[in-house]
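There are structures below to look over.
First subunit A sits with subunit B, and in the next complex the same chain sits with subunit C.
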Partner chain A sequence: MGEFLASTWYTYNTLLYTIFVNGMLALSIYLTLACGQLSLGNAAFMGMGAYTAAILTMKAGAPFGIALIAGGALPALVALIIGIPTLRLSGVYLAMATLGFGEVVRVAFLNMSITGGSLGLNGVPAKTEFWHLLLVMGILIYFFVKLKSSRFGRALEAINEDETAASVMGIRTTLFKVWAFAAGAFIAGVAGGLNAHFTFFVSPREYGFEFAVDILTFAILGGTQTFWGPIVGSTILTLLPELLRFMGPYRLALNGLILLFVVIYLPNGIVSRDTFKKKADRG
Partner chain B sequence: MLKVQNIIKDFGGLRVLDGVVFQVAEGAIFGLIGPNGAGKTTVFNIVSGLLQPTDGRVIFNGADITRLPPHAIAAQGISRTFQNIRIFGEMSLLENVLVGMHRLFSYSPAAMFFDLPKKRTEEKLLREKACDILSLVNLEDKADWAAKNLSYGGQRKLELARALATDPKLLLVDEPAAGMNPAETEELMDEIVQINRRGYTICVIEHDMKVIMGICGQIAVLNFGELIAEGSPEEVKRNPLVIEAYLGKEG
Partner chain C sequence: MKLPGKALVLVTAIALFATASPAAEIRIGVAEALTGPVAKYGVPIRNGFALAAEEINAKGGIKGNKIELIIEDEQGKKEEAINVFKKFIFKDRTLAIFGPTLSNSAFAADPIANAQKTIVFGTSNTAEGITAIGPYVFRNSIAEADILPKVVGVAKKKLGLKKVAILYGNDDSFTKSGYDVFKRVVEQEKLQVLTTETFAKGDIDFSAQLTKIKNLNPDAIICSALVEEAANIILQARKLGMPERIRFIGGNGFNSAKLMEIAGKAAEGSISGSPWFLDDPSAKNQEFVRTYTAKFSIPPDQFAAQAYDALYIMAEGIKAAKLSGNLEKDRTALRNALAKVKNFKGVGGLFSFNENRDAAQKGRVLIIKKGKFSLYAE
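Then we have the complex of A and B:
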């Protein structure tokens, strides 16, 4: 029994770790979606966090905790710089700006010497323990639970529903959107740092546009009405390719079909507000 | 209390407001009337900071608020409702009112995260107050409902409650009777008078003069962006320009 568990753990722990990291990324984009803004920069933020944390532990011998926090702080700072001019305006400006930003970051990773150029960073020390992931995820879930029933959570929800009405109610809409975006960048950066320290390398190819869209898909599939949606969505989308492995080459097609099905039949995602309500309250 | 001074507003090449001047005295119910398209809502949008005027100034309690952002104007004590209802449909009635109370809350993000006593007492106190405000418009028994499930008239009342929740000195109400039947309209006008008696100054927009004749002390009439009359309801009703504006529209 013990042997079985050990070998199962050995086979699947990478998958389990990835589920947690992807869950954090889904929550990072949820924060911007929750105030009606679309960020396509969260993959780049994750990359910045991964490089920052890895460089700190590898080259500066920094303690893991400090490296992780720095890996969150740098993208958060960058998010403030991008967010302050773009989030004054409502609409698609953030999406456009983060799209361009993601490309800039990708090219920078490829060409800077400190990031190891096109080879990336190899031999990142193995520092991420499973309990680190549990702890970070636990803190995040606790944070989102507290947020929901607070004045800050209500303000974000109001901005999401009707920014104009929210501003007339005295809510500083730009401020809230900028903080939500920066906090999301922080989460993505920490997730990147955690990821780098169990995959042992950081590659410049992992944090491009395609992964930004994957992160968005995690959230949309799971549903963005509550923070549980993105967690469920990312878990399913991380597991699905593994579960469908037996399908061989048809795997990706089926993956796409499932997505299509959910979008058509569950427009609010897999988990919506109604999921938490008693039947009698609906309608 | 509120002074609107020579407001001009152009949309592209179109002049929508042309030198609008009026004053609202503290404690009054002031009516802003005029045919559809006269520019009434645009006046509210400028006063509440959603639009910038092309020229002119808005003075509130002696301070120039012309170019302040909406949240800063709300903080000065001006709140409003919208002609096309803009409640937060997915949120409960109570949450709608709590959003209105946003600026009355002061606890920090740390107090939120660690569930500090300051947060708990503030939330408890203001939730009770929110229930009181809902009962002002007879919606307290539906406090947990999603706002989108309210009837049309209920949504209008909720919007009024949410505006009151900001604890304004001046309340701007844009066509509260739109889409309501005569009985509902009468009830609503009654509620506006009640709110006024509690000490709120009110400025109300209406396109149908008859509806607000009975409750306003002072009325300004707007037609094609120009102020064509101002005075007591009796004076305004007899003003030939006003009669022409209304007959011209109907004829």
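Then we have the complex of A and C:
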């Protein structure tokens, strides 16, 4: 039995790690969605975090914890710089700016020598342990639970419902939006750093537009009314291709079909506010 | 939502039991990209393995033991490659692993196999540093670092090259590492580089770069590109009136039959390097091309040929190794036997591993003549 458990663990631990990392990425985009803003730059923020953390552990021999925090801090700083001008505007401007920004970041990775150009960085040390992921996820869940009833969380919700009304009530909308955006970038950066240290390799092609849309899909599928939605969505989307592996060549088709049905029959995502209410009524 | 969820788990469980049926004695994992944009390389590779396994088993297997290939899709993604490798090593408990398709995925997944002392044999990984991952990493794909110097050397001698222009795709690891090698070789061969131009994957208009190159009037254009871009570049160069005297010398993208398909006559005279080519007249190759085409109703490419040879090379190793039935010991025994494989006669000519478990061959230099690849220099 022990041997069976060990071999199962070794077979699937990368998958489990990926579920946690994708959960963090889904939460990172949830923060901006929670105040009605669409960011398509979270894959790029993840990439910046991955490169920063990997370069620090590989070339500077920095401790893993420091590398991860730096991997979160750099994208957060960049998010502040691009967020302050764009988030003063309302509407789709953040989506447009981050869409362009993601491309800029990808091309920068391709052309800098410290990032290894298109060859990427290989031989990133294996430093991510399961408890790191549990710890970071635990902190995030604690943060999001507290956020709901905090001034910051209520402000985000007010902005999401009606930005003009929120500003009339005296909420500094730009400030809160920028903080939400930067905090999301921080989370994405840390997730990137964690990912790089269990896949041993980072390259520019992983952090492009396609993955930005994947991250958005995690959140939309799971539902964006509560923070549990993105976590559930990313878990399902990461697990599904693996669970369907026995389908052989048809698995991606079935994967798509399942997504289609969820979107048609659960337009608010898998987890919505009603999910919790119904349970409360019953219980 | 509850019922479908349960049903899904049930179906999955049944499927897992179904696939865990008692296996043949020699299990080998094949991790290739069978879906997604990389499938155009992964599918021919899978076909090559399948054909070789069928032939070996039809002849009674290796010392009476049949080969069982366990084929999994890794989609050309590094996380997927890691997942598939782990499944092979810990769950299916395969003796060895073939794949993954891309060098990028290999950098992520190969260290896992190496740490578990399981052979990983790449048939399409050409980037530098793959076999440096560890002593259990092998490949029979010829690295650009080996083949391109020979191509440039031969072209320089035969055409009397003095000054060249370089054109390469800078956003793809394949074409970028090809460029790095070209740059080094051009320096060694003391060729004058008039200009170095770049493009990105998916570009369709190269006239700016080509006009500049045309005005500098080089003896040849050294080009590191994937086949789609390579064909377009050749077509546009000739359309701009670049004389046929200015030859194209290319890396791996130039040795695909697709080049002639797209560029047609414009591709005439282009020079490239390859370990294998479709029109190679050797009897062994002609037999392979015939059976492959009959089975898959499409002619093989270089990737199929390398996979086909790779399984036979693995079989040579298995034949030489003393297998005990203890998987951990057998993996190491096979590793030691495989490293000693020498002068294996495959469809790509004679094959041996060098001391770094890379192909000892330097490949062959090809030229396109009358719409076909023919040998320019052995």
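Criterion: the second predicted complex is superposed on the first by the 277 of 283 C-alpha atoms of A that agree within 3 Å, B and C clash if a C-alpha of one lies under 4 Å from a C-alpha of the other, contacts with A are read in each partner's own complex, and residues count from 1 in each chain.
In this section, contacts are C-beta pairs under 8 Å (C-beta built on N, C-alpha and C of every residue); 3 or more make two chains touch, one makes a residue touch a chain.
All values reported here derive from a predicted model rather than from experimental measurement.
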Subunit A as common anchor, with subunit B and subunit C clashing or fitting: fit
First, second, both or neither for A:Leu254, with subunit B first and subunit C second: neither
Partner chain in contact with A:Ile84 - subunit B first, subunit C second, else both or neither: neither
Which superposed partner A:Ala62 touches (first subunit B, second subunit C, both, neither): neither
Touched partner set for A:Ser150, first subunit B, second subunit C, both or neither: first
First (subunit B), second (subunit C), both or neither touched by A:Ile141: neither
Partner touching more residues of subunit A, whether subunit B or subunit C: C
Contacts of A:Gly117 with subunit B and subunit C, given as first, second, both or neither: second
Partner chain in contact with A:Ala73 - subunit B first, subunit C second, else both or neither: neither
Three-chain overlay, vertex subunit A: subunit B-subunit C angle, C-alpha, nearest 10 degrees: 150
Which of subunit B and subunit C A:Ile171 touches, first, second, both or neither: first
Distance of closest approach, subunit C and subunit B, by C-alpha atoms in Å: 24
Set of subunit A residues, in rising order, touched by both subunit B and subunit C: none
For the subunit A and subunit B complex, residues of the former touching the latter: 143, 146-147, 149-152, 154-155, 157-158, 161-162, 164-173, 225, 273, 283
Contact set on subunit C toward subunit A in their complex: 1, 8, 12, 15-16, 18-19, 34-35, 72-73, 78-80, 82-83, 86-87, 89-91, 104, 107-108, 111, 127, 129, 170-173, 175-177
Subunit A partner contacts - residues on subunit B that touch it in the complex: 48-50, 69-71, 74-75, 79-80, 82, 86-91, 95, 98-100, 102-103, 105, 107, 109, 112-113, 115, 119, 123, 149, 162, 166
In the complex with subunit C, residue positions of subunit A that touch it: 7-8, 10-15, 18, 107, 110-111, 117-120, 122-123, 126, 199-201, 203-206, 241-246, 248-249, 251-252, 266, 270
